[in-house]
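Quick one: the structure is below, and I'll ask about it shortly.
Chain IDs A, B and C follow the sequence of writing; residue 1 opens each chain.
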Amino acid sequence: MTTQPMTLLVIISEAVLEDTLIDEITDLGAKGYTITDARGRGTHGTRAGRWTQGGNIRIEVIGNAQLCGRIVERLQRAYEKDYGLLMYTVPIELQN
Amino acid sequence: MTTQPMTLLVIISEAVLEDTLIDEITDLGAKGYTITDARGRGTHGTRAGRWTQGGNIRIEVIGNAQLCGRIVERLQRAYEKDYGLLMYTVPIELQN
Amino acid sequence: MTTQPMTLLVIISEAVLEDTLIDEITDLGAKGYTITDARGRGTHGTRAGRWTQGGNIRIEVIGNAQLCGRIVERLQRAYEKDYGLLMYTVPIELQN
């Protein structure tokens, strides 16, 4: 058993973007992702308050800080203006 | 891209409390929350062992330490005696 | 209100293993767990690439570092060869 310090990136967004976000994440180099259905409200990443009560997704991606930074930058530039989008990172220990 | 150190508060409780907990959290100042359906078992926060196998929810709230502390205090005082309730906090970097 | 530093262990695996993993975790000493349904893709913990697009679960267990280490070791030895399995740990503050 060994552990490896990595970054967990959590992306909360609208369910309608699921396929699009998966393509972006994979294209940027993520080797995997985990999605759960979610609901909620928020004010981040949306100018028009388009977040709705339902139909959100929560995506987890594990990678190094560079990969997570690239994903954050790309998603903010491409989707933050028009969609609900909240992202945060957490340092984790991946168990290998 | 800038990042902002914040606190993630995770609340695991019974699904029957969903609307009540959302009201509490919002009243205390939370700007948003993310809910996922969950199931499980636990012994925290319940004197009568009322946690059941199903019908749980997992709520995420992001805020400063003060907001998260207020929510924890309020929920413990109001619900811990009669409902399954588990709360933990994690330092995160919010991606703005 | 007091807080207690603990370890959060997140286990992402195949839904078909749910009952088996719960038994393992409980036998090893976990007092509780939280499960959410998930979907995703990954390359960790599988030699034959058996991860599928659907039918995953995300399990959270809170414990001390020793308990989490025992669970990681046991699950890796027993399931990593034949099933999709990804595990990571995060330091948290349990709110008591």
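Note that a contact is a pair of C-beta atoms (placed from the backbone, for glycine too) under 8 Å apart; a residue touches a chain by one contact, two chains touch by 3 or more.
Everything quoted here is computed from the prediction, not taken from an experiment.
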item	value
Same-residue or different-residue interface between subunit A and subunit C, half as cut-off	different
Rotation angle (°) superposing Cα atoms of subunit B on subunit C, nearest 5	120
Inter-centroid spacing, subunit C versus subunit A (mean Cα positions, whole Å)	21
Overlap residues in subunit C, where contacts from two or more other chains coincide	36-37, 90
Of subunit C, residues touching subunit B in the complex	1, 3, 6, 8, 31-37, 60, 62, 90-96
Subunit C-facing residues of subunit B, complex	12, 36-44, 51, 56, 58, 69, 72-73, 76, 86-90
